[in-house]
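One structure, as structure tokens, below. Some questions next.
Chains here go by letter, A, B, C and D, matching the order in which they are written, and residues are numbered from 1 within each.
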Amino acid sequence: MDHQPRNPDFEARVRGSFARQNAMGLIGARMTRVEPGRVEIELPVREDLGQQHGFVHGGIVGMIADSAGGYAAFTLMPADASVLTVEYKVNMLAPAEGEWLIARGEVLKPGRTLSVVRADVWARRGDRETRVAAMQQTLMVMHGTPDERI
Amino acid sequence: MDHQPRNPDFEARVRGSFARQNAMGLIGARMTRVEPGRVEIELPVREDLGQQHGFVHGGIVGMIADSAGGYAAFTLMPADASVLTVEYKVNMLAPAEGEWLIARGEVLKPGRTLSVVRADVWARRGDRETRVAAMQQTLMVMHGTPDERI
Amino acid sequence: MDHQPRNPDFEARVRGSFARQNAMGLIGARMTRVEPGRVEIELPVREDLGQQHGFVHGGIVGMIADSAGGYAAFTLMPADASVLTVEYKVNMLAPAEGEWLIARGEVLKPGRTLSVVRADVWARRGDRETRVAAMQQTLMVMHGTPDERI
Amino acid sequence: MDHQPRNPDFEARVRGSFARQNAMGLIGARMTRVEPGRVEIELPVREDLGQQHGFVHGGIVGMIADSAGGYAAFTLMPADASVLTVEYKVNMLAPAEGEWLIARGEVLKPGRTLSVVRADVWARRGDRETRVAAMQQTLMVMHGTPDERI
């Protein structure tokens, strides 16, 4: 599906907002692709992100899915708005192991008040990608509260 | 609801498994209460856990809810089993700000193969607690794969 | 939790709206309790509500949970508003069999724009009740669109 | 994604099971397409399926999504197994109105014990289709309990 951004500066705004998310810095996540209605976040796998069996913690997998999905929705919001996660639901499909995790968010339905997004997380080892999580998420448009000033 | 643990050593096993979750160490989460069917995890709020508006990142809120819920289910599992998150769904109810976050997980339905759990996250400022997130989660019992050896 | 309704006529309004839901008539559901933030719906089990194994269809279980939850949120909304389901997530805990199903919705967080609700469904056989489903749901307040006129 | 069915008679089995779901008969739903990992269910819109505003009840939308998703998973299960809905989460995207609703389920991850599926519901008016709901669902494989005999 092709989406039309309402803010021509959407990419700079999305990347600026992501840069202010300290939690993404803590885990080492990086924003790679930013397109209208689509955002990709990469996470190099590190030992300190693990759960008890050595795979990446499911909560961390949920974190990058939440961010990729939220920012995918944010690409389509007007310049005077900010974005808020209402809820998300994530299924774990396979152990999150490999060299990188990649979360890809895509807007299903952009709305005036609410947007609905899907985001999947893939684990990459060499050339091979395995889907490790599938998320569905609801976001709220906060009109009149620019992201920088909330 | 009162639950009967099938493993008398459930508390040591749960605390041992939590101690092996590097990701919980990274964010500074601590396991406080462990009872049959109930687990509580506390997280001191830090600046490096924030999202773009300075509140704790929703993904981090989801992380401690996921852990509290998963370990609540694990308290009721047999000694030769480990626990796996199948999926969780979390609603954000209020900005996660304050001095502490506290995630409280409680088993709704323990099962032979699947368990269903609810976990809420509260933000504490002084004496006051506000519910900031509500989660519902499905966990899987992995029979014959002790937590330490997977 | 005690809730204060903003519309003193909330009960009449909720019951009137429920009476206009043809689908509830089709399956034979009845609204029993209506209190601020809480609604109960009963469904006599019938053979034509079954799935392939003779239990009540999971979708029908979801239907009465959705209605009980939505109307629980509606009890707390202002007189000039109507209610819309944003999303719901339901876990099936046990086969839905017995003489009656009872869905009980309770508001977790009433909001100006969004409300979050939990609803559980119980199956009753004689004096015994078993929880057969657990739901968590997000509802939207539609200001300025009275329920009767939308 | 292409899926390989483990039971060559999957189509007959799926259609037979659907025919035993009385609740699908009550609402007038019909199974149209059955392919490995994909199932489509159509529902002619009728007045007795409505909610208070005359659109199709969200619970009915959830019902056909649940069935399309569950049977999509069932197409890939072995001959001696039956299928059980563990949980589903559905977002309502637009009012369910028009002449027909069409639910399309597609398997994301078939598993030995659990399968994860997405299903969307579309409303058709004339030649035009609008997505009205998006679902994500977890199903359980019940080995050794053939669908006909449970």
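Observations, loosely collected:
We adopt the following convention: a contact is a pair of C-beta atoms (placed from the backbone, for glycine too) under 8 Å apart; a residue touches a chain by one contact, two chains touch by 3 or more.
Quick caveat: nothing in here was measured; it's all calculated off a predicted structure.
Residue numbering at the chain A/chain D interface overlaps substantially, since over half of the positions present are found in both copies.
Rounded to a whole number, the gap between the C-alpha centres of chain C and chain D is 22 angstrom.
Put simply, the C-alpha centre of chain A and that of chain D have 28 angstrom between them.
Between chain B and chain D, the centres computed from C-alpha atoms are 32 Å apart.
For chain A, the set of residues that touch two or more other chains comprises 86-87, 89, 91, 138. With chains as nodes and touching pairs as edges, the resulting graph is complete, every pair of chains being joined.
Those residues of chain B that touch chain C in the complex are listed here as 89, 91, 93-94, 108-109, 116, 118, 131, 134, 136, 138.
Here chain D touches chain C in the complex through residues 17-18, 20-27, 47-53, 56-60, 62-67, 70, 82, 84-92, 147, 150, going by the rule given at the top. Remark: chain C residues 86-87, 89, 113-114, 138, 140 touch chain A in the complex.
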